[in-house]
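First chain written, first letter: the chains are A, B and C, and each begins at residue 1.
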Amino acid sequence: MLRSPTTWLLVGQRLTIAFITLLIVSFAVFFATELLPGDVAQILLGQAATPEAVAGLREAMGLDRPAFLRFLSWLGGLATGDMGRSYVNDIEIAELVSGRLVNSLRLAGIVTAICVPVSLTLGIAAAMWRGSWFDRGVSIMTISFISVPEFMVATLAVLIFAVWLDWLPALSYGVNVDSLGAMLRAYAMPVITLSFVVCAQMIRMTRAAVIETINTPYVEMALLKGASRSRMVLVHALPNALGPIANAVALSLSYLVGGVIIVETIFNYPGVAKLMVDAVSTRDLPLIQSCAMIFCVSYLTLITLADMIAILSNPRLRQ
Amino acid sequence: MTMTKQRTRSLRLPTPANLGYRFNWAGRIGLTVILFWAVIAVIGRWVAPYPVGEIVDFDYFGPVSGDYWMGTDYLGRDIFSRILMGARYTVGIALGAVTLACAGGIVLGMIAAVIGGLFDTCLSRFLDALNGIPSLLFGIVVVAAVGTSITVLILTLAVIYLPGSYRFARALAVNVNTMDFVTVARARGEKTSYLITREIFPNIVGPVFADLGLRFVFIVLVLSGLSFLGLGVQPPNADWGALVRENIEGLSLGAPAVVFPCLAIASLTISVNLFIDNLPTKIRDRSD
Amino acid sequence: MPTDPLVTVRDLRVGAITDASRKVEIIRGVDFDVAPGEIVALIGESGSGKTTIALSLMGHARPGCFISGGSVRVGDFDVTGLSERARRELRGTEVSYVPQSAAAAFNPAKRIIDQVVEVTKIHRLMPRAEAEERARELFRALALPEADSIGERYPHQVSGGQLQRLAAAMALVGDPQLVIFDEPTTALDVTTQIEVLRAFRSVMEKTGMAGVYVSHDLAVVAQIADRVIVLKNGEIQEVGATEQILTAPEHPYTKELMAAFEPVPHVPVEVPHSSPKPILEVEHLSAGYGGKPGAEPTYRILKDINFKLERGRNLGVIGESGSGKSTLARAVAGILQPYEGAVQLDGEELKPDLHERRKDHLRRLQIVFQLADTALNPAVPVGTILGRPLTFYHGMKGERRERRVIELLDMVQLPGALRHRLPGELSGGQKQRVNLARALAAEPELILCDEITSALDTVVGAAILELLKDLQKDLGLSYLFISHDLSTVEAICDDVLVMLNGEVVEALPAQKMSTEATHPYSKLLISSVPKLDTAWLSGLEQDPELVARFTNR
């Protein structure tokens, strides 16, 4: 399909906006960690440290330079892949993060692969048979899952699958998997928990997006042409709901970010989120900043991708 | 015309819920549970059967019994009492944060919609960017840097949810702003403050109220999440999220000490959702 | 008629559920027949149930409505007795539908041809290639340009008038026995309406299909229908041959409808001249959208407008959609800042920017908008809406303000008790009166009326015009009256400006509009207004080249 110049202009515009957003986000992360009250050197050395020692450490860490300069050099480092060194164990952060990132991405990938097809099917089906018992059942399920914290879903999953049914181990210690069965068992609990949380969001938003397009005159027109309900929804409503659905999927996947933090902690899963939460207890600020930026960048990428799909699927911009 | 007069008068009465409004059972249940927890948040301290910090049972993770309605925790403290006290933290912090977030978001949103131009563009761009930071992550980063206290929690949660509230209120206000009645008021020579308070606000107050409820739920969830990670309310005090964290060891035993705080959170958030999905609707029946 | 009727409707009842879950009957026992090949019009005002009845012929009721009783038979189908699944068989092949807004009824994501031939695909009537060939034949029969390729486009790539004809092709492709036209020309400009009407009529004559034509406009119906059914509040008032309804209506309601069509000659009001200057003078006014205020805009809408409006006289501005007539009102009122030219009120210069205008100037010039629904704040009672300008301009408070609000309501012939109601509780006509009363509260000298009767039913609109005239006599007002409807302008204006593409093409006295117009566009516009005469469309001759030049098609 051909795209008009306006389409590419819009795409370029979205990319620019995403870039500006990223700048503001990184500033906010930096601001929150370094400029808010709370002296890192003081914290690291403890209350008993002498003022001289604190001042010495500040200088050694470069904390006496103006904040804006530190922000720029930090940003420059991030852009070139240099995330700095961990305060606590003095290892390159890139090294600490890389293996963990693969684990987290694998978890997120599996959950996405499960959630997208399941949610789209259920969301569209619920919209198609709106008001039916099936729809009501799905609605009650989804609203229950989005109303409760992720750790509660995890708790329930453990109670059901590990404690009562004794099918799965409660914790996924290590990801040393030597067989398919072991891998399934290692990933099962985190994946189940995250899938429930993300699917609930995605089903709700997909359903809403499709229903909005069903309530249009052109779908009523299809009805008056003798179209069946499935034809009205699949042929007429769905192509117009693509943009909103893409947005729904992206927004729901953002729940993955929040969910992953809780789930990695609760199941002791060696991912970026676990690394970050552990870093909080040791006040390892450079590590926290880097992890935070990894999450922000992935989230922004998703949202921008959804925007692009919405633009490209808009028939008014087709030539 | 006499008919008209009568109906007008009945609508003018100080309306109880059953006169002029329709309120279904799901909404009523939601409201009842919300009010229950609100009352507990205020009087919990005095109705709790045991002092909150006191170890009352030698057995830890004790079962539900006549003495300990919801069992005992990992130290042998009464969970029922601790949940009653936890309501104060969970409901109080969330309420404070949502009030700040929504008040700020709505006021800024309406101003941006009415003034427009560069002010609107810059503010929207900046707040949208903040919206691009996942909420729990934002909370972790701030708490990691400045430490945690109730004030920090309220302010952080307010900052996290202000952009969303702004975006919602602004979108509504922009729609109202294009209406002819606002144009008429503008052509009359009215000032921005009048436009915002008299013409726009009354027309967005309903959806904004529903949005406030949703945001309250989000805040309760993130607050519980932070506390669950040990970054929220600190011991010896505990909100419901912290209660789950304290007793997570009991999970493999299926201890009631883990289950009941979870249920408390769920009862509150589900009720708020029920209530805002089933708000009382005004009966506008025009058969003429 | 010797043959059996194609459509038989007996004691049809349709119910609706209100906000408060109360059931009301919106169609209360309707009986009528349609013979094969006959075109029957359903005429009525908003809320008369005409569209609801038409849709029930397909067994369809809009959400919140349901067919609660009676029977509908179309051909061999017992529509009311069928299941929803069985009704699908009937839709598109036996009965088909031409919607009011084709722009909304075409799926924006699919090509036109796919949507036109969809009926043949759903009902497996013929192979795709044959269906497309048939569609192209229909495009030609409906006088669509580029009939061979127009189907390849997307709906947003063709004009409104063309879309409306494409919607007709979509309805005809399944070769139905009966076609329902639901106000198919209401959203179109008059010059476009003619072409569409002509196309509909010729294709219906050729195919010999029966039709049900839903409209509020008797003059349009007169051109196409054999028989007319007059509806009010879900009940039939009168049924008769078109000629009889037009010339010898029997039912009082039909007479009332006809009377609203009668041109009321406008008598100029004598206003004592306190000032010799014109109340409004506009010189070289240009305005548009986009760009910085004050500088030349990106989109120029108004180009070099000049006119004078003498005190106590009324000036009409007519033109089709996109002519810039509403923009003119906005530029004069200062809502849209003009970038060139001057506006003088009673000889005093008005600043282009609203914020710099003196309060007194703002007060003396008031604007009233078309849609009372959006012009009145729905969250505020009528008393407060009317009270605000009293406080703002005249500093009135408390008891005094309350008394004045009641007076104002009385001036627009509404009961004072209405001040406690919200706008949503009023009817369309009442809302427009409140809208007018708010302008009067300022005690203005000039009121800009932007299409204020266009959204109203004919009878209600005629009453508003009467009210405007009475107010003019009592208060010595002047009106700038913007409308697309020539008869409305004729009824109230002394002079008329004809606008096209942001320019005034002709200025002339309203009474001599039809006889003395010289500009070809004015002539085209005036000749395109349907008349209450069944022979009007057949007898109308327009230069096709002229039509093509001025209607951008």
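As a working rule, a contact is a pair of C-beta atoms (placed from the backbone, for glycine too) under 8 Å apart; a residue touches a chain by one contact, two chains touch by 3 or more.
On a predicted model such as this, the values are computed, not experimentally measured, just so you know.
**Q** Which word fits how the chains touch one another: line, ring, star, complete or other?
**A** Chain contacts: complete, every pair touches.
**Q** For the chain pair with the highest number of C-beta contact pairs, give its two chain identifiers.
**A** Top-ranked chain pair by contacting C-beta pairs: A-B.
**Q** Counting only Cα atoms for the centres, state how far chain A is from chain C in Å.
**A** 50
**Q** What is the distance in Å between the mean C-alpha positions of chain A and chain B?
**A** Averaging C-alpha atoms per chain gives centres 23 Å apart.
**Q** Spell out the part of chain B that touches chain A in their complex, as residue ranges.
**A** Residues in contact with chain A: 125-126, 128-130, 132-138, 140-147, 217, 221-222, 224-225, 228-231, 241, 244, 248, 251-254, 258-259, 262, 265-266, 269-270, 273, 277.
**Q** Would you mind writing out the residues of chain A in touch with chain C in their complex?
**A** That would be residues 216-228, 231, 236, 239-240, 315-316, 318 of chain A.
**Q** Could you list, by residue number, the parts of chain B that touch chain C in their complex?
**A** Of all residues in chain B, those touching chain C are 1, 4-5, 8, 12, 22, 179-181, 183-190, 198-199, 202-203, 205, 281, 283-288.
**Q** Of all residues in chain A, which touch chain B in the complex?
**A** My answer: residues 17, 20-21, 23-25, 28-29, 32-34, 36-38, 143-144, 147-152, 155-156, 158-159, 162-164, 170, 254, 257-258, 261-262, 265-266, 276-277, 279-281, 283, 285, 288-289, 292, 295-296, 299-300, 303.
**Q** Spell out the residues on chain C that touch chain B in their complex, using ranges where they run on.
**A** Within the complex, chain C contacts chain B at residues 18-22, 24, 333-335, 354, 357, 359, 362, 366-367, 369, 371, 374-380, 388-389, 392-393, 415, 417, 420-421, 424-425, 427, 438, 442.
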